[in-house]
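Labels A, B, C and D are assigned to the chains in the order they are written; within every chain, residues are numbered from 1.
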Amino acid sequence: MPVRVGILGATGAVGQRFIQLLDDHPTFELATVTASEASAGKTYREAAKWRVNTQIPDDVAEMTVGETAPSAVPDDVDLLFSSLPSGVAREVEPAFLEAGYVVSSNSSNDRMAEDVPLTIPEINPGHLDLIEIQRDERGWDGALVKNPNCSTITMVPTLAALDEFGLESVQVSTLQAVSGAGYSGVTSMEIIDNAIPHIGGEEEKMETESRKLLGEFDGTGIDLHGMDVAASCNRVPTLDGHLENVFAETAEDASPAEAAEAMRASSGVDLPSSPEQLIHVFEDFERPQPRMDRGRGDGMQISAGGLQETTDGLKYNCLAHNTIRGAAGASLLNGELLVADGWV
Amino acid sequence: MPVRVGILGATGAVGQRFIQLLDDHPTFELATVTASEASAGKTYREAAKWRVNTQIPDDVAEMTVGETAPSAVPDDVDLLFSSLPSGVAREVEPAFLEAGYVVSSNSSNDRMAEDVPLTIPEINPGHLDLIEIQRDERGWDGALVKNPNCSTITMVPTLAALDEFGLESVQVSTLQAVSGAGYSGVTSMEIIDNAIPHIGGEEEKMETESRKLLGEFDGTGIDLHGMDVAASCNRVPTLDGHLENVFAETAEDASPAEAAEAMRASSGVDLPSSPEQLIHVFEDFERPQPRMDRGRGDGMQISAGGLQETTDGLKYNCLAHNTIRGAAGASLLNGELLVADGWV
Amino acid sequence: MPVRVGILGATGAVGQRFIQLLDDHPTFELATVTASEASAGKTYREAAKWRVNTQIPDDVAEMTVGETAPSAVPDDVDLLFSSLPSGVAREVEPAFLEAGYVVSSNSSNDRMAEDVPLTIPEINPGHLDLIEIQRDERGWDGALVKNPNCSTITMVPTLAALDEFGLESVQVSTLQAVSGAGYSGVTSMEIIDNAIPHIGGEEEKMETESRKLLGEFDGTGIDLHGMDVAASCNRVPTLDGHLENVFAETAEDASPAEAAEAMRASSGVDLPSSPEQLIHVFEDFERPQPRMDRGRGDGMQISAGGLQETTDGLKYNCLAHNTIRGAAGASLLNGELLVADGWV
Amino acid sequence: MPVRVGILGATGAVGQRFIQLLDDHPTFELATVTASEASAGKTYREAAKWRVNTQIPDDVAEMTVGETAPSAVPDDVDLLFSSLPSGVAREVEPAFLEAGYVVSSNSSNDRMAEDVPLTIPEINPGHLDLIEIQRDERGWDGALVKNPNCSTITMVPTLAALDEFGLESVQVSTLQAVSGAGYSGVTSMEIIDNAIPHIGGEEEKMETESRKLLGEFDGTGIDLHGMDVAASCNRVPTLDGHLENVFAETAEDASPAEAAEAMRASSGVDLPSSPEQLIHVFEDFERPQPRMDRGRGDGMQISAGGLQETTDGLKYNCLAHNTIRGAAGASLLNGELLVADGWV
């Protein structure tokens, strides 16, 4: 029996990726799509300015777009994916939760809320147990799970691998693709022959979300990881794929070879969208590169490379596809975990 | 009386910048240009594939290109600028020094040699006194002065300003323009919609040259600065202008405001190519940007911005024009200092 | 005595170019700047998101932005430049004309109106005489003059030169820079690693405006040139500078050499913003190129190249800076002509 | 029984595409790869700097690269694909033909030779009969077939469709991707924020090859099509996918709708690499776009759009993937035709 799913905010850039990834999904069946009032009532083909470079699945193209409200979602839908703008999500998600829906959300609101699991299935699946606390405190029948920001999720799997040596401090610089800002987020006049050394709110997300993801669930809440994280975020003229330079200090010395071994040992989990190996580590220092490597593992594998010693620790580079592993794919994988763990 | 100067390796990308910058220079008069054997004997117009977006000065266009050998340089030339490939420079520069020429060189060979001054006139002009030791040891009548690598020179003025608080450790990530690799150094297939997380030798240059530049001349040699430096270097699809993210720890706490004040207090020196203010500090966190800010101070001013506290220190961004402040302009400014200090 | 001028719509991309070009203009003095209601009352520095890569002139930065209404413009302003969006211009320009202002407008509305001169001073200055008819018909004290679209103005000077051989038919393909669509007109997701074979309304503008520009004023109106023009317009990932491929048939055979001679013979006019030579013709078939050649003649010279015979005529390429010669500089030059001819 | 095939010049950009396309080919089995002397004896993984964004098939990676000489090719290889540089191909291809090999070549030499078929299987399969004449005249046991240049092949299927109305004259402007020049053919300094209005030899190829492709085989040779073709070729900052603007005049009037219908009626042929529909015609004038549409039909379908009337005929745009339909895929498809028609 397939799980019937819906997408809240289905016409935007991440919404389109959801549709692309759900096409031929082994266990999920797309049953409903919602968007803003202006789009409601149109067919999806009319409502969405389709930008993904595969074609709209025919059946989705003919779906009627619903309003983003619980009343517009069929009762037999079991799981909702949200790619709403965070301002809208903040207003609208609670109504779905009260109505009993399980929501796997990519929106940035509430990621650091104490009773909201922020999860990457390969890293901290146990954080889903926060849902019990969430239901107790909020009186919801549904459940809200978030995935981290695209820049955070790119580095956290590598940090998780290094944490066996006791992570103490992390400095990270990002080279982020324009798709991370949505279809119209970065104008061509801003970015051609240029780079922008600031992305509003992004640095703080990396600094806080990473400590929650690597934190411990102690039965009542998440005890944040104690490492210091400092991030500098840059926008560059790349379409997809965030590349990051990490400088890490660990309590116990880790050689580049040991660090690479720890990364390579990070395995995927038994869910349809998880790659077999979580992190591919390159020996060639010129890799990973966004255009060459963002597609590894259908966009769900993390790439790393350039592992070298510094006086105080290690430096290395990592990369992930920001709208697949860093957005729609991340929510989808959380949805698969919610089903596997019996929350749906 | 103008100083008569020559350019060794005048047809390449940096050589063309030398010609552009020497046009209308107040005290230097271009008397000779040299290039490889294949170009010798041609007019400059024929020999150079001119790529700079101003036109070749008419008088230079008609100059006959000489061989890169002391015998081909007129006797009344007082000062030579070198933009030879480092492999060629290693072979050829000594011959010019033995022949008594003063050479201000942008080539990367010998930058870390113990008796070769590596200078930025606004930062460590006193290092020129190494020339006495150089002459003693090598038996040269001439003098060899180097400027640092373009990625190093972008951050060192900001580090020099912060050193009043006692620099202890620096992590730096670079977003470097394609022009840094020379005209044919980066193919379009490599870099469009992409970024490359490695530039051969660049990280080591930043890690060592910066410690020499901020070191002390103790009468016999340069005592390297004790700070730790770790660099990650990236190539991005930008034409000119290197942008760098710096994380710095200092012995004494420095607030972002104090750091900005120290940077703003860095003044230029009384030489034609030095800007009035060495570092422009932006309040707007979205600046500096390569395309918008590389031209400040005719390409000779450093820009900084994004100053923020981290748990252990500061983070900020800096930017310079890599083929002006970071190459031809750097050598030219060293040449001006050599004249002002009486070495020419 | 300087002519006091104002800019309607001064905060946009073309408005910023006006300010840049008016800085140090020999005869014009910027007296007032207007923008939308949202900006009125702010200083120009606050109201404009400054994007041009020179700095805002200090005196302009501190000007108070006025509303775009005749009542907000000082009485001693003699000449207004308009870079309003065409929808706004359609509503607002008549009020200024009724109030007696002379307006040199870059906005696309009314360019083909029978009593509105569409002029390029080097090509059809006599069309200004339409102003008499305009005043008669509309009862205006002021005068409205338009410059053509940026894609039209790039090719028309070359067509004017070829018309001595009797132009019969023109096919033109354009490679247009993103700045032609305004600062936010083309998103980075649309254009990186891409090209778009359509620009709304552009093809028709080229097909009609060029025939008006090369038409004859017969005392009562403009007799459109009889040539056929077919245009295909493309957007490419270039910042500034429109490049165009032209295929032209003439009644009388013209060899490439004769065509080049005719183009080279096109001279500028005796106005401050007109270049000495109107068209620079390259022998090198790889030129003109947008980045290399858009700055020729301070952005006011047309470049041409690649002149070759075809079975039926000629093919060649031409290029102009779309936001200088193709927009702000075009209006400015028309303003200079209006002053020289005594209309101001 | 699979057909055993080899690739001459397997390490270059087109060679890599051959390997990618041959992976999982239904009837071809890659048996041998050759390259220059410098690469011979190495494994393919060592010899090729792999640039395609899928991974090297494991079995190919471990193949030993042979010299490009008949003696180095196993006897049981039936069909060779050539992506040699044309200068090398001119020297080397005859040796393979004398040795009896059938060669489907992408190299540009000999495309216009009178006894060499230049074929697109969906357009002019009958031209293969020239092989009889070729064998007679040259005394070869093998056979040499060429596919056209990437810029030619992009437009010819659309011209073939229009030829039912009697093609008389064609003007075409191209916006060509950098991959058409090979991996190192266009430097990033040349093309970022730029366009180049000339590609050496390309215009002539379009003007001659298209007339041969649409010509008639009269039993002794190809009678070139009588239409006039004039081409202007531009390089733009796009990775893959050539976009072309065509202006066409036909003897009989064709409306845009009739032209679209003729294009849509062009079907593929019954060969593994031929798409079901040869030309996809868009109604949306903003399409086709290189990044969005180059992948249609696995890179083998032609896209068209923007069909409009002009005074003398039609204008429209077309697009194809230049290294698949325009190079490796074109040779592969010719190979499939050679097998189907019994030449192998």
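Worth a mention:
As a convention for this text, contacts are C-beta pairs under 8 Å (C-beta built on N, C-alpha and C of every residue); 3 or more make two chains touch, one makes a residue touch a chain.
A quick note: this is a predicted structure, and the numbers were derived from the prediction, not measured.
For chain A, the chain whose average C-alpha position is most distant is C. Across A-C and A-B, the chain pair carrying more C-beta contacts is A-B. Annotation: 42 Å between the Cα-based centres of chain A and chain B. Averaging Cα coordinates per chain places chain A and chain C 47 Å apart. Shared interface positions of chain D, defined as residues touching 2 or more other chains, are 51, 192-193, 237-239, 291-292.
Contact residues of chain B toward chain D in the complex are 13, 51, 178-179, 183-193, 237-239.
The part of chain A that touches chain B in the complex is made up of residues 169, 171, 173, 175, 192-198, 228, 230, 232, 234, 236-239, 243, 245, 247, 285-292, 305-306, 310-312, 315, 317.
If you check the complex, the residues on chain C that touch chain B are 51, 53, 192-193, 291-292, 295.
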